[in-house]
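Here chain A shows up in two complexes: once beside chain B, once beside chain C.
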Partner chain A sequence: MSRATLGWIVLGWIGYAVLPWYGFDSAVAPTLSEFVLGGSGLVLGMKGAWWLLPIFAPLLMLLRPVMRPEGRLADWLTASGILGLALILLQGFSIGLNGWTFGILKALFGEPGPHQAGMGYGAALTATSFLILLCHGLAARGWCRGDAFVTSSIGIVMALIVVFVFFPVSTILASAFGDDKGSFAPILFVMKFTDRSIWGLDCLSSDLRCGVAWNTLFLGVLVAFGTTALGLAFALIATRTSFRFKKLLRVMSVLPIITPPFVIGLALILLFGRSGALSAILYEWFGVPRSRWIYGLPGVFISQLLAFTPIAFLVLIGVVQGISPTLEEASQTLRAKSWTTFLTVTLPLMRPGLANAFLLGFVESLADFGNPLVLGGNYEVLSTKIFFAVVGAQQDQGRAAVLSIILLGFTLGAFWLQHAWLGKKVYTTVTGKGDAGIPLPLPRRVAVASYLAAIPWAIFTVVIYAIILIGGFVRSMGRDYTPTLDHFLTAFRVERADWGLYFSGSAWNSFFATVKVAALSAPLTAAIGLLTAYLLTRQRFSGQRAFEFGTLLSFAIPGTVVGVSYILAFNVPPIEITGTGFILVMCFVFRNMPVGVRSGIATLSQIDKSLDEASLTLGARSFTTMRRIVLPLLRPAIVASLVYSFVRAMTAVSAVIFLVTAEYNMATTYIVGRVEAGEFGLAIAYSTVLIIVMLLAIVAIQFAVGERRLGRRSATANAAPLAVQAAP
Partner chain B sequence: MKLTKNFAAATMLAGVATAFSFLSAGTAQAQGALVMYCGVQEEWCRAMTTAFERETGIKVAMTRKSSGEIYAQVKAEAANPRADIWWGGTGDPHMQAAEEDLTVEYKSPKNEELQDWAVRQWEQAKHRTIGIYSGALGFGYNTELIKSKGVEPKCWADLLTPKLKDEVQMADPNSSGTAYTLLATIIQIMGEEKGFEYLKALHKNVNQYTKSGAAPAKAMALGETTVGIAFMHDIVTMVVDKAPIKVVAPCEGTGYEIGSMSIIKGAKNMDNAKKFYDWALTPAAQKLGAEAKSYQVPSNKSTPVPPEAPKLNEIKLINFDFAKYGSSEERKRLLSKWDNEVKNLPK
Partner chain C sequence: MNQMSTVSSLALAGASKTSKKEAASVEFRNVTKRYGRVVAVDDVSFSIAAGELVTLLGPSGCGKTTTLRMIAGLEMASEGQILIGNRDVTHLSAADRDVSMVFQSYALFPHMSVLENVAYGPTVQGISKKEAYAMAMEKLALVGLSGLEKRAPSELSGGQQQRVAVARALVLEPQVLLFDEPLSNLDAKLRRRVREDIRELQQSLNLTVAYVTHDQEEALAVSDRIIVMSNARIAQTGTPRELYEEPADLFVADFIGDANILDGVVLDQEGSKARVRIGGITLNLPHRGASAGPVKLAVRPDAIVLNEDPSKSTAVSGVVKKASYLGTQIEYEVDSPVGNLFVVQYSRKEPIAPGTPVSIDIMEHRGVALIPGS
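This part shows the complex of A and B:
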């Protein structure tokens, strides 16, 4: 038996016999001794909580392989793992806060029956060790080539996805099939599903409106194409040209991603609205009549393009960097023109990146809520419809669930298409062999096209941000341009009291909470996301596709639905975590994990497996291989997922609106409140501060993770051959 | 090697555990606390919180959300309620919550000091919610933009003039309680058939159905629309902010909202919730609204009405039937009728 297995058996015992089994409520156990021993599962079980006693059995079973190690270790571990998990789940779900949770138990044993609170540290630890011991058992039986690290990782990630994605999402999707009172009503579902306001095609034949589903789909495809093209242009310029303002371009392409919601939309209105700055100039100089064209599809399209191009860029830059010049050089040696090379070698090699960028753009557009809210006008999309089905005057959660199912269907379709397009081709370009080539300069027309796309766009971004910057310092944007610092003082006043600094500004509270939650969730997100990507590309196991889809699920579902589903699922035992900051962290981790997964997959599929294999042949275990070989090569993906998850945790709105509490208020809910009250100046001032914080964080992340050093020479470097290495 | 694996797993676990301990520390359920969901503007919410804390020493954990969001949250949390009191926000979601048994009955000793409309709200909701402020519906126009149009609307009927084509903005009643109040108001003034005729005619002049009820007021201030339909106190906030807007109380009469307060069923701090309930009905508490730049009319008779507030006694108010138009059945019927007959009309 390995020391790891032994360690987990000990931890399982600690969780059951030492740590408090229930709740994170410190009010339950006032003293430390009571808290540590008196609240443990074992003690409570003997004091009358009989349903905890059966869990003792699998823990005893685990002692047998410890006593007699020569026995059938695998069978004992597997059996006790399964039994333990099953017992914990069974008692957790059948005994609730107010007695039995299932009708049949009520009928059999009488009401109300025993009751219990939500699980705590002890239960979590014991359940985790059962899970990992089960995985160790499976590894010992030969799963995944007997590698316990791989089986445990798969087990943990799967369990997390089941708990934090499948479980809450299924609770809310179930309500699609019920009526107001919660009873099963399939006909109502069909009626809601086939509603004309969803699927109507009237806009093709008349001037009536089309269904909201078509609107959403159309916008999503448009945005996905746009962001992928722009992202590619930026990525090509950043990696393949000697453009002088590369660094600046990079910063600017990332700016929109770190912009809190509503702000881009607001800036667009101030620029292009009927009384906007640009509209005024056009009217006065050229007599172009003022109009409201920005409200509707054009406005939403532009703002989403602004907001999501950085995501495409972040995914694509790693991929473009990774493409081996060797192949391109070979192509040129064979007398292909640079344009032909680009078309037939470079572009096809970028396909994993392009596909993933497209998928992310599409899904992001579908789930985006802030921009359609501000700029949508009469162009309706599913995400806003869903939000207002939950919180609007209709208050129809079932309808929201139906609309979510449609949205989910679209995502599923996009996911499937992406798989079909990538097919089974191989995109490996980072291998252990030295790359002798120099990255080709871009063919002229590609370079020109990239510049033409990227530079106006970059200038446009600058203008938007200038407006945002000014907005924080003037009294009322669009009306009264008297300079003022009032907005910043209201939000971020710091006073000097006798005992130190007193943060009296109204925004400090939410600011600190947001930074804390974002800083906690970013590394977790990146770790879980990249681990998942590694499992998906480097390991083969059954159910891989379902597993992959599971990781995408919470991303595809609109935030509002996720928020409500988290309350429905986690407000009652066995997992009772609403009102804590933990639920916010978990929500962010699982909503943002897909970006880590996608960029990880895109980057990993370029890295030759023979690098891993070489490491394995030399005797390293898969964990060591991952740490020493894969992770350094994954740096762009690490940066992408860290940055993205940190930023998203600071800027997401719709999911957290239901999860914030007085103590864990988030910056975005504060901003939304200000926008609702019409205090744009304050909202913009707060956003400016957030943007600066996020910029600092991005720089810090870049610095901490570092650049990936592939053995590639830049086109400008002189000819002396460098020592060629795959990894430093 | 095994050790490193173990180490990795342990680090992961330790990470999760630290996250737990960092974040689980305070679910405000300790003694002497009150968890409040607040449905008005942040400033007003804060003023209420600090004033109550100063007065009673009870620590208030306040969360601000829109009233629709609060309703959705209270409903989702029904099995294990987190909040004690739900203060503020338009009356419909409060009525809905009362109908669905999410809130509890309470009779405050302060009830006698209240205006009739506040008490009527309480009676209609079977003692489960009570009026704390009220605001009338109306519209406003941007005084600079209206010059070129050559009209000066004073009544609901004036909004139908072709001169205002594409110049009126209102919210979508499906998403906004404000716009639903308008729908119900028009029907109560003109009758259902004539009312829908009016809304269809108005549709030709509407440039956009916004999602949020206060958005038309903001769009007016920015000059994005000439006329906006909203609650008058929301428009007044813009006027106080020096926007070139004139507020109009329509001559045919108009409907109003009653901002309400309810105690959540299963509240963990029931006594404190009642204490807050009684306190929130006093003039001392109600005058905080005007100080926080919210110009609704308070429900306690002896609270001074802010001078900026639209005077309810000078506005022709209709006898709004909150029980009928607040019920979920009637609402669903009217909303789907509006969706099918008005919203999908070609311009």
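This part shows the complex of A and C:
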């Protein structure tokens, strides 16, 4: 028996016999002794919580291989692991806060039956050790080449995906099909699903509003077209012309990634709102009356266009660069004019890129929550509608679940379309051979069109960011341009008290909570994401496809849906973690993990597999191999996933707005609150601070992780890690 | 490659000083490897004696690399037993087997120097860095790379990288050393040289070596024994000479060396010999279990003699279609009633011009074999 196995057996015992079985809330326990021993599963079991006692059996079974190691270790570990996990799950799901959870049990044993709270540290530790011991047992039976590290990793990641992706999603499905009491009600579901407010088409025939689903789809398609066209114009200018400000284009493509999504909407209000800067000018100079036109479809459309065009740009620039110039030269030597070449060779080759950009724009628009919330007005979309169904006056979780399913259906449908359409075609234009061709200059009319589209847009973006920069430093945009630091002082005042510094600014609470959650979730995200990538590329095991699907599923789920599903799933025992910082961290980890997985897979597939094998045959186990060979070569992917998950954790609104509490308020939700209260200056100032913090963090991460050392090959081996991952 | 000539003497010195572990035998007992429905290795049994160099030879996709990787523990057998040094290692992971491997791509760690690469094995075994470096330096000297230990692998030539890979595999003094097409990334001249070096190293250090290649010439040159694989099974096992002179089937006859596969008829048997007729030529060959009736024969290209002198005419005549002059030998393609023949002739100055009628004879003592069961 290995030391690791023994250690996990000990931990399993500690979790059951020493640590408190229930509750993550440490404030409940007044004294240490009571906290540690009195609340343990064993003690509670003796005191009357009889359902905890069966768990004693698999723990005793684990002692047998400890006493007599020569026996059949694998069988004992596997059997007690399965039994232990099954028992914990069974008692957890059948006994809830208010007694039996299943109708059959109520009928058999009478109501309300025993009750229990959510699982705590003890339960978590014991369940984890059962899981890992099960994996050790499977490894001893020869699974995954007998590698306990690999089986345990697969087990842990799978368990996490099941708990934090599949479980919430299935809860939301169950909730949509149930009535208020939780019993199965398909007719109610059909009624909710076919509701006029969702699918109505009144706007075509009368003045009434259309259904929210049509609104969402219409906006999504509009934004997708717009971002793709603008992105293409920018990409063509950046790669195929001698435009002088290409560097600026690059900066502009990165800025929106570190901008909280609703900030652009906010800047639009400051420009075009009733008291906006531009509205004021138009009124004073030309007598154009101030209006609220920006609130509604135009505002949301413009802000999403601004926010998501860079993503289309990043996708398309890779595609445009990837087109082999030799193909165009071949076309020219066959007497095609440059316009014909562009139309018949270049454009068709860009098709997968265009489709990709289009679908990304569509999905981003569907998932966006901040801009519709700030600018939507009467134009309702699914993501905001879901939010108001949960927190608004209706408090209708079933309705939120139904809306979530529709939104989820749209996004998954978009991904499926992309897969089905692009999966069958091969557009390989980058081969292993060097390409000596020179890219064709753009045909005149294409160049002119690109410039006409891109330059006004670029100027507009610059203006928006100027507003963001200035807005924090003036008293009130549009009305009073007196320079002031008031907004910053309100938010970030630090006073000197007798006992040290006192952070009296109103924003400090949410700021510290945000930084804490982001700093905790970033390394976790990177670790789990890269581990998953390693397992997917370097190991073969049954269920690999389902495993991959699980990681990608969390990528496709819009944030609002994640938020709703988390409060539905984690508000009741056995896993009761709403209101803690933990749920925020886990939410971010599983929202952002797919990026770690993707960049990990991309980097790992560039690294020859025989490097790992060489290390293995030299006697290094997979953990050592991972630490000494794989990780040093993965540095670019580590940076990418750390940066992305940190930035996303700082800027996300959609999912967290459901999960924040007074204790764990996040910066973004705080800012949204300020916007709704009309305190634009404060909101803008806070956003500026966030952007600066993120920039600093990116530099710090780059510095801490360091460059990958590859001898003289390093010059070519660096791809832009952020380029591909700018998806929802 | 100037240092390579010193390898043998250094190797001998190194062997006397460092070989503490005995070389071990390798044995496969009815091993099968499946990937889903695909059978990569099908019920294969063989053994490699300690201190022997055995080559796994076959066309790509025949299962030879999978077999090698199963010895290393990089693939796990679906069925059967694998023994190394008479110990059952079937379920042991690669890290737990005393086996090292030289990879086709060399698999040098790009983020480590040459010295760190070679010292990696001892370091992860928990040996102190100083000692690990000393062991690494010794093996680097053995392969003639002293003085290059500070370089990054990417700063070495292909041949040097290959030797780093060998040094790294040798540093733990494994019971079994595996080579996976080690020469495929080297140019033709270097290949001959390096394969001789590997053979010398193996013999002087008395290593058990399993060697995978698809190049039959390479296999013939370095091996004690060759295992020819085809379609996931072993086609034939034997010394290079046995394989060349007594191929077990059509595949082996065709794969090892060049062979003209001709139809013949066994007329009768007498003791261990049989009289076989090909066209008009009658040969006296070992019968190898063939009974009277039609049979196939493998005739090596140098066993066929062409004669353009019409006076010495034999039973079979043909016409030269092509002639290629290759310096030491001349290769012909000859059209004849018994089939299209590929003929090699040595020690001739002037090639026979295409279109010339020739008489054909087959020398029965020189590379002609009945193929059993055909």
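By our rule, the second predicted complex is superposed on the first by the 424 of 728 C-alpha atoms of A that agree within 3 Å, B and C clash if a C-alpha of one lies under 4 Å from a C-alpha of the other, contacts with A are read in each partner's own complex, and residues count from 1 in each chain.
In this section, a contact is a pair of C-beta atoms (placed from the backbone, for glycine too) under 8 Å apart; a residue touches a chain by one contact, two chains touch by 3 or more.
Everything numeric in this text was worked out from a predicted model, so none of it was measured.
Novice: Taking the superposition on A as described, I'd like to know which of chain B and chain C A:Thr384 touches: first, second, both or neither.
Specialist: A:Thr384 contacts chain B only, not chain C.
Novice: Tell me which partner A:Gly673 touches in the superposition: chain B (first), chain C (second), both or neither.
Specialist: The first partner, chain B, only.
Novice: With both complexes overlaid on chain A, does A:Ser615 touch chain B (first), chain C (second), both or neither?
Specialist: second
Novice: Where does A:Leu520 make contact in the superposed view: on chain B (first), on chain C (second), on both, or on neither?
Specialist: first
Novice: Per the contact definition in the header, classify A:Ser197: touching chain B only (first), chain C only (second), both, or neither.
Specialist: first
Novice: State whether A:Arg145 touches chain B only (first), chain C only (second), both chains, or neither.
Specialist: second
Novice: Looking only at contacts as defined up top, I'd like to know whether chain B or chain C touches more of chain A.
Specialist: Residues of chain A touched, chain B against chain C: more for B.
Novice: By the touch definition at the top of the document, which applies to A:Leu59: first (chain B), second (chain C), both, or neither?
Specialist: After superposition on chain A, A:Leu59 lies in contact with neither partner.
Novice: For A:Arg628, is the partner it touches chain B (first), chain C (second), both, or none of the two (neither)?
Specialist: In the superposed model, A:Arg628 contacts chain C only, not chain B.
Novice: Look at A:Ala662 in the shared chain and tell me whether it touches chain B only, chain C only, both, or neither; answer first, second, both or neither.
Specialist: first
Novice: Would you please give the residues of chain A that touch chain B in one complex and also touch chain C in the other complex?
Specialist: Comparing the two interfaces on chain A, one with chain B and one with chain C, the shared residues are 621, 624.
Novice: Which chain B residues qualify as touching chain A in the complex?
Specialist: 1-6, 8-10, 12-13, 15-17, 19-20, 22-30, 35-36, 41-43, 46, 60-66, 68-69, 71-73, 75-77, 79-80, 82, 92-93, 96, 166, 172-177, 179-180, 207-209, 211-212, 214, 217-218, 221-225, 237-238, 241-243, 328, 331-332, 335, 339, 344, 346-347
Novice: Provide the residue numbers of chain A that touch chain B in the complex, in ascending order.
Specialist: Checking each residue of chain A against chain B gives 2-4, 7-8, 11, 24-27, 97-98, 121, 124-125, 128, 132, 148-149, 152, 156, 180, 197, 202, 206-209, 269-270, 273-275, 292, 295, 373, 376-378, 384, 387-388, 390-397, 476, 478-480, 506, 516-517, 520, 523-524, 527, 564, 567-568, 571-572, 576-582, 584-585, 621, 623-624, 657-658, 660-665, 669-670, 673-674, 676-678.
Novice: Can you tell me which positions in chain A touch chain C when the two form their complex?
Specialist: Residues 142, 145-147, 608, 610-611, 613-622, 624, 628-629, 632-633, 708-713 of chain A touch chain C in their complex.
Novice: Looking at the complex, which residues from chain C come into contact with chain A?
Specialist: Within the complex, chain C touches chain A at residues 69, 72-76, 91-97, 99-101, 103-105, 107-111, 120-121, 124-125, 152-155, 168-169, 172, 178.
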